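For reference, chains read A, B, C and D in written order, and residue numbers begin at 1 within each chain.
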């Protein structure tokens, strides 16, 4: 099952909205006037400035909503630890999983012997799930045999500030491959519609030039002394 | 100075977005399919249902951004206590307040003698502010003489779930008149663009028929025993 | 594997702290004076009052920290959806699961045939996990075969306001048995050390006398019309 | 009116609690065993490590509650913008301010002429407030004439992670003197009871050696290129 991510909606005019909010903080004029006076160049320049200075709060006014499918429950458990976000997730308590689809880790995909072990277990879990429901066990309990690899679907909303934080942690090579792939996909989607809000966004080392992981560093960027 | 509130942007298709997210939780099909299959009637019916049941979480996917002007610092201090929201506020540290505009409470407006007292103090504060800045006191300190009545401007973003909570508390007659007026204005603005997300929204007593304020009740609705 | 929950620490003097904070809002005197003047009776009376009126904000000053073991990953995935809380969870990415312990749902425990199906799948998953790690698959990927039933351990902190909200949702009979058992256990633990902060706490119907679940109601309490 | 800050309560054993939570994430053994096995040296070493690596999440398990008096409403309006915290603040709507106490900015205190202007305005505001209440204007409206300098009291709770963030922003020389003084006082109080949780805490430049403020830098530390 391949990961599928789409940007289904977002705040209209996300860049202009953030720029107007940022400008207001330091300006005596009203909001209507601010908007009329702000050229596209002004807007872009201002966004560049607040991002350079790390004045993130105005970025919260722009939210982005994603539909995410073909991801594992291992991923979704990690994902929902990001608390400054909103999630609606397909429920294993209510939705039947008779023919479960699963996410296969690339390390397993790449090794035929491992893939056989994995496939057999997935089959065994699906079979156990079906037997349990046939025996009258409710779905919410039968699902206890389903593996972490089981696919889930969800809708997620994050604002631009929190997305930048999400990228810092999850585009890092020390993040697990699956959530890293999700983060990179989302980064591509939002940079396409709001490039200035996400200028320079990415893993910590991509934004600061330094790795914060100490002895655990992947070595891509130097550790700060 | 009259309050001025405008809805400057919001999540595109707020109702459909919430309905899709809500449907996903209980459905096996993918998100594209969900959207194609959902008629306008289905969407409205589903929104009615989740609101009746108080299943608020899907409402978080729709955010609304407001420009607010002509409100007092008394109001803004109350407003920013709502923590599940984003604010960009005009700074008294950086923006000069040489000719301060103020908000006049209606009880004072209505009483000529009180209005004179109020106007004189406002003048005195403006004059003290100017003298202090002329004496070289920085704006951030000169502002210590400015009154709570001083006007401020801000941009605020809240999602639909938090807005409903905001209305429960702030449309109540026990809320102060100024923030109550703001809440009622915002309620009108969002009901115009997303009536189903805000169906039945308003003060606690408007939504439940009962007043939660005990002995402090205004008497409009019965207190629950 | 039996659930094991302990209250490992909490804010010292939780009830007095909340009472002092609540009193301050409506009092002109300083905080030292407030404390000296407040008898135990005053404290209890004030706590009773703010809880009756639903003035929850002062309850946030008291936090409670729990060690939770013997719970499934199905439970922890639900639990961490409560965002106004702090979690530290044992990582399946780093901790080996060679001899996985699991949580058995009571419906399965009660039915010998189902229990056999369940045990066999758990064995198969453990065996697959060991084989994958022997084949050089990293733990973070081998864990994709582990079932939702796999045990996890975590430390959780919530303040008293959020705990009351947690109880409203999770002590409800429509919550899954496992998280409901956790919620009820936690309720017992905090009522033992701070009975007045948790007076009347529990499922929505226990606190209001009405069920909010509409047609999905368990029937224990009447649905509000 | 001098600022007065006291640490009125906190999570019992804050350092050990954080260390246990941090250890759990990477350990297979139960929580009881963890605690028995952890020597004081182990605890301190582990805390040093997670702080070096910036693994902040375990720090959320320790909360600290402060009583703050003798601060201005200018300060409290800034303070409550920190949303990951809990506040109970003395209400100007309910508490009479007949003899208002005020906070005098040091720049005004230091300049006799400015101090006269300031004192006169404070007197004028107090007098206007009294006249308005005598004319029957309710307190919640009479307070519109009170200055930003008016004293307020509050109780605040923050966890150790958020406190460290608060210090990064508010111990900075670009923060206003009043909130900076509050932040430094709080830093001293928490370092006295939990030195390892707050090792190296302070302004951004104190923790990283670099200033994030670009052209607005005070010059104390170099700006990162």
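Here is the rule we go by: a contact is a pair of C-beta atoms (placed from the backbone, for glycine too) under 8 Å apart; a residue touches a chain by one contact, two chains touch by 3 or more.
Computed from a prediction, not measured in an experiment: that's the story for all the values here.
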Chain-contact steps, minimal, separating subunit D from subunit B: 1
Same or different contact residues where subunit B meets its copy subunit A, judged by the half mark: same
Chain centre separation (subunit B, subunit C; CA means) in Å: 32
Where subunit C and subunit D are represented by their mean Cα positions, the distance between them in whole Å: 29
Touching two or more other chains - residues of subunit A: 87
Overall pattern in which the protein chains touch one another (line/ring/star/complete/other): complete
Complex interface listing, subunit C residues touching subunit B: 52-54, 208, 212-214, 216, 224
Subunit D-facing residues of subunit B, complex: 72-74, 76-77, 80-81, 83-84, 87, 92-93, 102-105, 107-108, 111, 113-114, 117-118, 120-122, 124-125, 128, 131-132, 135-138, 140-141, 143-149, 176
Interface residues, subunit B side, partner subunit A - complex: 4, 6, 8-13, 17, 20-22, 24-28, 30-31, 57-58, 60-61, 63, 65, 67, 69, 86-91, 94-96, 153-155, 157, 159
